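We just call them A, B, C, D, E and F in the order they show up, numbering each chain from 1.
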Amino acid sequence: MKKKTFPRGIHPPGGKEWTADKAIEVLPPPEKVYIPLHQHFGQPAQPLVKKGDTILRGQKIGKAPALFSADVHASVSGKVLAVDGHPHPLGKPVLAVTIANDGQDSSSDEEEIPDPFSLSPEEIIRRVKEAGIVGLGGAAFPTAVKLAPPADKPIDTIIINGCECEPFLTSDYRLMKEYPEEIISGAELIRLATNAKQIIISVEDNKEDAAELLASKIQEKHIFVEVLTTKYPQGAEKNLILALLKREVPRGGLPFDVGVVVQNVGTTKAIWEAVRFGRPLYQRVITVSGSGIPEPKNLLVRIGTPLQTVIDFCGGLKEGVNCLIMGGPMMGITQWNLEAPIIKGTSGLLAWSLPPASQVFDCIRCGRCVEHCPMGLTPTQLAKYIQFGFWDEAEAWGVLDCVECGCCQYSCPAAIPLVQWIRLGKATISALKRKTV
Amino acid sequence: MAETTFIIKSSPHLRHPDSVPKIMLSVIISLLPAVAASVYFFRWRAVVLYLACLAGAILTEAVFLAARKKPLSTLLDGSAVITGLLLAMTLPPSLRLDQAVIGAVVAIALGKQVFGGLGHNIFNPALVGRAFLQTAFPVAMTTWIPPVTKIINTATYATPLGNLKFQNAVAQHTLTPLKDLFWGNTGGCLGETSALALLIGALYLVARKTIDWKIPAGIILSLSVFTGIFWLARPDKYASPLFHLLSGGLIIGAFFMATDMVTSPITPRGTIIYALGIGFLVGLIRLFGGYPEGVMYSILLMNTVVPLLNRSTRPRLLGERRAKK
Amino acid sequence: MSLSSRMVIVLTAVGIISGGLLSTVGILTRARIEANRLREIEEAIITVVPGAKTNTKIYEEKDFTVYTTRNDQGQIQGFAIYTAGTGFQDKIVLMFGTDAEINKIFRLTILDQKETPGLGAKITDKEAFLKYWENKDCSHPLMLKKPPVAQEELGASEVNAITGATISSEAVLATVNASLAKLRSLIQAGTIQIEENNGQ
Amino acid sequence: MMDVLVPILTMGLLGLFFSLGLVFAYKKLRVEEDPRVVAIADILPQANCGACGYSGCRAFAEAVVKGDAPTNGCPVGGEQVAAQVASILGEEAQALVKKVARLHCRGTKTAAKDRGEYIGVTTCRAAHLVGGQKQCSYGCLGFGDCIQACLFDAMEMGDDGLPRIDENKCTACGRCVEACPRNIIELHPVDQEIIVFCRSLDRGPLARKVCKNACIACGICVRACPEGIILENNLAKIVDYKKILPEQIPAIEKCPTKAIGRIHRASEEEQAKTNEKQAFAP
Amino acid sequence: MASKPLSQEFTKGLWGENPIFRQLLGMCPTLAVTNAVINGIAMSLATSFVLIFSSLVVASIKKLIPSQVRIASYIVVIASFVTMADRFLAAFFPPISKNLGPYIPLIVVNCIILGRQEAFSSKNSVGRSLIDAFGMSLGFTLALLVLSSIREILGAGTWLGHQVLGSWFEPWIIMILPPGAFLTLGILLGIIILIDQKLQRSK
Amino acid sequence: MELLAIFISAILINNFVLHYFLGICPFLGVSKKIDSAVSMGLAVTFVMTITAIVSWIINHWILIPFNLEYLQIVSFILIIASLVQLVEMFIRKSSPPLYQALGIYLPLITTNCAIMGLALLAALKNYNFVETVIFGVGSGVGFTLAIVLMAGIREQLDLADVPEPLKGAGIALIVAGIMALGFFGFSGMIK
C-alpha cells in the first residue's frame, strides 16, 4: 500500500547519516548555567529567586505569569550568581538566572507516582504544567495548554509526532530508538488527559527501524504506528494531520478544531517523566551536527548550558566555520554569540561554512514556490506585495497562514529571501492590526 | 585567534541546487539540436541570422543594464541569449539581417527591459520581437525559401501551413508529408521546421524539470481536440491534428515559448487554463483566421491574460473554506 | 427666477442658438458635400466603364447599387456595380463595370478599404492588383491565382492574388463573384429590366 | 424656411428636454457635499502622507469639518495651512510648535559592533526580524528605512552609517518614526536641544560591550539634573525637558559615552551661514 | 487666482502643461490620426479652431450659465464648432475628411477642449482664455506633429508625402498601424519625462 | 450570422480601444485596479448600449427624416452627456463605494470618445436597429475586455521594476501596443 503523505512539500537532502547511529551521550553539567526566563511562546516568566540564593536542581526559579506561558526550573543545583540580562539565542538579551553549579546535582524532584495511569486528567495536566513542559519540536508552546482544549472541542485522536522532517536532526530518532516504552507511556498519558480514543505515532519511512521498534512494544489496540513517505515539512502539525487523517485544520485554527492533539516524541517523553517521576523539564536531547563539527553527536544537555560548552564537547568548531544554526537547517535561527545558552526549544545545533552568498536575481515567476508550498500559498506574489507595501493584498493572499517552513525559499532558483519577506509582512500586518484595534 | 564571526540570516539555510543561470543554460542547451538542424537545412543563412539576433539581443540588454545602473553580471543569466536564439528560430531564413537586428532590439527593449528586465516582463520577449517584425515587414516575414535539401524551381515557396490555408492543400492532395515535417525537410521559420530536433531538446527540458510538462501537454491536447473535431467532420477540407501538431511553430511554441516561466502563470490551475487557451487559439486562428499560423499570436494573447489567471486561480489555502459560487 | 427655470431656459436658449447657427452652416455646405459625393460615384463609374457619359441608378439596396451607363451616343454600355464585402479588417467598398451581357468585366476600382497598409492595401494599387482585373471574362466565376504569375500566363477568368495578402485578394474576388451572381438573379427575376428606352 | 426652423426647433426641444431631465436629476438625485470639505481639501498639501492619522488629505478634510480632527492636525502643512483651514472653519488657529524628527542612537559604524555578515533583505525591518546585524539589539540598523519613508527628502544616510535629518526640511509627518523597527526616531520640539542618544535597555557592561556610545546608566546626567532626568531600565530618560536648566547642560554633557548631550544640527559652517542670514545671535 | 504673466499662460501649453505629453488628454485623435503628417496637421488645425472659438464663447458667456447645466451648455457650444469644422472639411477637402473619418466629429469629446473650458475659460477673462487656448492648441499641434512625423517617416519613409528616406529603406508598416501608435507614444512619453528630469536636475 | 460577425468584430478585431483608439482616457486612467476596471467596463457597456439605442432612434426618427444629419454631433453628444450625468447621479446616490472607485472618471465618460464614437460609427456604418444594438454591446464588451486585461497587467506591473520615466502612462501605452499586436491574430477571422 502506498504510504501516506501530504500534498506539495520538498525533498531536501537528509544529512541524518551524520548522527543517526550516535547513541545519546550525556553532556556533563557545566560550571555555570544561564537559564533565560523566556524560553517559550507567551510572556516571560517572573523570577522567583534572587542573587545569592542557593537552589536545587529542578527547583522552580521562574513563574508563568499567564496562561500562555511556562514555569522555568533550575537545571543544576548551586548558587544564584545573578538575575540579569544575558544573551539569548533568539535575539535580544533577556532576563536570565545565572547559577554556579555546585556539582552536587541535589534534586528537588517532586514525589513519584507508581501508577500514573490512574490519575485524573486534571492531575496529569497539573503535573505537566508544574514541570514547565513546552513543545520540544521548536515552537515551545506550553504543553499544558495544549492538553486542555476548550470543552466544546472534543479530542478523538492523539498524534505523536516522530517525523523529524528537518534534515540533520536525529534527536527524536534517537529517543524513539532508546526510549520507546517511555514514549508509548507518555502518549497514553496524553490520551488519558484529553480523553481521546486513539493514538497514532507517525514516523517517516527514513526511520523504519524506529517505527518497527515502537510497533513491537505496543500492546494496546488503540495505539498505531503509521509510517509516512519522507517529505518536508511532514512534522508541521497541520500537514501531519492532513497526511494522517485527511482532515484540514481551518485557517487560523488549531489542531483541536479537528479533534486532534499533536505532541512531539521528545515532549511525550518529558510528559512521562514529569507525571511518573515529577521531574521538571530541565534537560533535553539535541543533535550537534554539520560539516563544521568535528565529532557530531546526539547529546542530553542541561537547559542553560552555553553553546560554547556544547561545541567544545563535540571537538570545537572547525576552521572556516561561518554559520551556526540553532534548530534545523530549514527553520533554525543563526547564532552569533557563543555565550547564548541552550533553551527548551533547542532541537539541534548545526555548524558549517557557507560559500559566499549567491546573487539574488529578480523573480522569474517559475512558480516553484507555489508548487512546493505546503500551505497552498503563493510566496512570490506575497513577497512582492510586501516589498511594495501592499499589505491588504498580502493579507488577502493569506500571508498570515505561512508557517515559515522555508520550502519556497529552498526551491527558489533566484535565491530570493522569500521567508524573510513573508515574515516581514506578517510582522507588519500584525502591527498594523494592533494599531487599528 | 581571530574572533569567529558568523553569518546572520533568516531561515531556511538550505537551497536547491537549481539557479536562474542554470535554468537558462539548460534552455540554451535544449535549443541546440534545433539550431543544428536549421544550420543543416539553411546553411549560412541560418548562421548569420543567429549571429545577428544574438548580437542585437545581447547588446541591447547590455545598453539597458548600463543605463539603469544594474550589475552587468545580470547579463550572464543567459536570458538575452535565449531571446536572441528563439527570435532567430522563428524568422524566415531569407530575412534581411538589418530587419533581424531590429527584431532583436525590439524584443529586448520593448519586450523585456521597459518592464524592468528579466522576471518583470508580461509578454514573451522573443515573440514581441517576432510580432513586431511580422507587422512591420509583412512581406519579408511571409516569404519563404526551401531548405537546401529540396531543389525546387519556383522562386517562392510556401510553408506547409501556408499551403494548407491558401492553396486548399487538403483538397488538392498537396499537403506536406508528415515525414518531411518530422525531419524538418520543408520550408518555414529557421528553427521551427524540424520537429525531431526540437523534441530532443524538449525532452531534455522535461526530464530536467526545467519546464512544466503540463503546458505543452495542454496545448497539444486542446489543439488536437479542436482540429480533430473538424478533421473528423470534414477530412476532405481540414488537415489532421497530427499535421497541425508537427507543422509551423507549434512545437517550438508549446515547449519553448509558452513555457517561458516569466510569462506563464505561477498557479497550477492557471497553467492549465493558459495551456488549453493557447491550443484553442492556435486552432481558431489556423482554421478560421486570416493568418496561416497562430502560435505567436496565441501565446501573446494568453500572456495578456496571465495576470488575471494568476489572480483568479490562487491555490486553495490549507484549511481554507471557499464559498461555493 | 428660480435656479431650475434658469437651467431650463439657458440650456434651451443655447440649443436654439446653436440650432440656428448650424442650420446655416448645414445649408451652406450641403450642396457642396452632396456634389462631392456624387462626383466620387461619377468618377468611379467612368473609371470602371470606360467611355461612360451618363449613368442611371436602376437598383439600390444596402451595399449593392447598380447603375447602367450609356456612351455619348446614348447606347447602353453595361453596368457599374457599387458593392462592399468584408475584408481582412473591415469592409472593402468597390465598384466594377461589366458589359450589358455580364460576360466581361471592364475594370475594377476600390473606393474604400481599411486593409493592412503596404500589404492588403495593395488592392488599390494598379500595378499590383487592379490591372489584372481589366477585361476579364466573367461568364464563369472568376478564379484567384496564387502565387501570382505573369499577366500573360493568366487564364481568361483568372486574376492574380497579392503576395502575402491572399485574404484581401480573396475578399475582393468573393465580393465581385457574389455581386455578379446577384445581378444575374435580379435580372432573371425581372427586378432589373434593361431596355434601351427605359433610361432617359 | 423649414430648413432653418426645423433644426432650431429640434435643438431647442432637445435642450429643453435634457435641461428638464437635469433639473429633475438635480432635485431628486443630488448628494449633499459640504463645500467646506472641498475647500479644505484644496488647501491641504496633497502629499496624502497620512501623518494626520487619516487615510489621505481628503479624509482629513472631512474629519476636520466634522470636528474629529484639530485644524492644526496636518503637520506637513504647518502653521500656514492650519491658519487657512481654521479660517475656513471660522476658528482661530491653534498655536503649533514646529517639531522635528530625531534619532536616538549614536551607534555609528565604528562605535557599534556588528554581529556578523548579514545576508538577506536589506531593510531595517527585515534585518530586525532576524535580530539585526548589529550586536546591539536596540540601535540603528542603518539600512535607511526611514530615509525611504521620508516624502520630503529631509533624510540622508551619513558616512557613519546613521541617517541624518535636515531639520529645515523635516515636516514632522512622522513617517520615519513609523518606519523605524527599533523605534529610535522621535518627534521633538525643534528647540529641545538635549536628548538621550541611546535606547539600549541592556545593563551597563553588556551595552558598553556592543557599542561605545551606549548609555551605561552611570547616572552622571541624573546627578547633574535630578529634576529633569531619571534612570529607568538601565537607561537615562528625560522626563521633563523644561526642568533642565542651561547651567546644568555642561555637567550633563560630561556623559562618558556621549549618550546624552546637545543635538548636532547642521555642521558648524552651515550653522554660521544661517546665523549670518538671520542676522541675530542664536 | 490667475496671477501668472500672460507669456507663461501661453508657453505652459507647449511644455509644462502640454495637453498630450503632460496631461495625457485627447489621446484618441492623437493616436488615431497621426499615421501621416497631413492628417496630423489637419486634425490639429481643426482642434485648434474648435478650442479657440469655444474658449472665446465660454469665457464670454460664463456668467450667464448656472453651474448645473454648465457642462451641457459647453458641450453644445463645442459641438456646434465641431460641426462647422466637420462640414467645412467635408465640403472643401473631401479626401482629408475621408481620411480622418469619425475623428473630426470626435473632437467634440476631446478631453482637452472640455477640460480647458472647465478648468480655465469658465474662470478666466476672455483675453486670458484666448491666450491659454492658443498655447494649448500649439502644444497639441506640436505633439501631433512630432508623433505623426515619427510614424510617417518610419512607417512609410515619407514626410508630408515626400520621400525622405532612400529606396534602401523598407518601411516599418507597423508604425502606421495601431500598435505603432501606442508604442511610439509610450516611448515618447518616457523620453519626455527623462528629459524633464534632466532639466529639473540641472536647475 | 451577420450579427455575430458584428459582435465578434467589435470585441476582437476592431476593438474600440486597440483598433479605433476610442476610450483611451479611461483606458489609461481607470486601469490601475482590476476591480475599478471591471466597474468602469460595465458602466461603459451599459452607457454604450443605451447610447446605441437612443442615438439610433434620434438618428432615424428625427435627423434623417428631416434631413438634419449635420446635427448628429450636437444631438448625440447631448444625449450622451445627459445620459451619463443621470447614471453618475444614480451611482453616486445608490453606491458610494462604486462612485469612490470610479472617481472623476464617471463624468469623464461624457467625454469618453468610445461612447460618442459608437454613436458616430454606428451611423457611419449604416447599421439597422438590431445591428446598432449588437454593435453597442459588442463594443462595450470589447472595451471591458481590453481595460480588464490592462488592469490585470498593470496590477502585476505595480510589482515590477519598471524604469521610472515609463511608469504609469508610458508603460501602459507600450502594453497596449503589444496587446494590439496580439489582437492582430484575430484579423481576417470574419469573412
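Throughout what follows, a contact is a pair of C-beta atoms (placed from the backbone, for glycine too) under 8 Å apart; a residue touches a chain by one contact, two chains touch by 3 or more.
Small disclaimer: the values here were computed from a predicted structure and weren't measured.
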item	value
Third chains touching both chain F and chain B	A, C, D, E
Comparison of D-F and B-C by number of C-beta pairs in contact, larger one	D-F
Averaged-CA centre spacing for the pair chain D and chain B, given as whole angstrom	52
For chain A paired with chain E, centre-to-centre distance based on mean C-alpha positions, whole Å	69
Separation of chain C from chain E, taking each centre as the mean of its C-alpha atoms, in whole Å	34
Gap in Å, rounded to a whole number, between the CA centres of chain E and chain D	43
Multi-chain contact residues (two or more partners), chain B	5-10, 110, 114, 116-117, 119-120, 132, 135, 138, 290, 310
Contacts with 2+ other chains: residues of chain E	68-69, 72, 76, 79-80, 83, 87, 173-174, 177, 179-180, 183, 190
Residue numbers of chain F (touch at least two other chains)	19, 68, 70-71, 74, 78, 81-82, 85, 161, 163, 166, 171, 174, 177-178, 181, 184, 187-188
Pairs of chains found to touch, sorted by chain label	A-B, A-D, A-F, B-C, B-D, B-E, B-F, C-D, C-E, C-F, D-E, D-F, E-F
Chain C partner contacts - residues on chain B that touch it in the complex	138-139, 142-143, 154, 156, 158, 165-167, 290
Complex interface listing, chain C residues touching chain B	88, 116, 118-119, 146-147, 161, 163-167
Of all residues in chain D, those that touch chain F in their complex	3, 6-7, 10-11, 14-15, 18, 21-22, 25, 29-31
Residues on chain F engaged by chain A in the complex (per definition of touch)	158-159, 161
Complex contacts: residues of chain F adjacent to chain B	34, 148-149, 152-153, 155-157, 160-163, 166, 171, 174-175, 177-179, 181-189
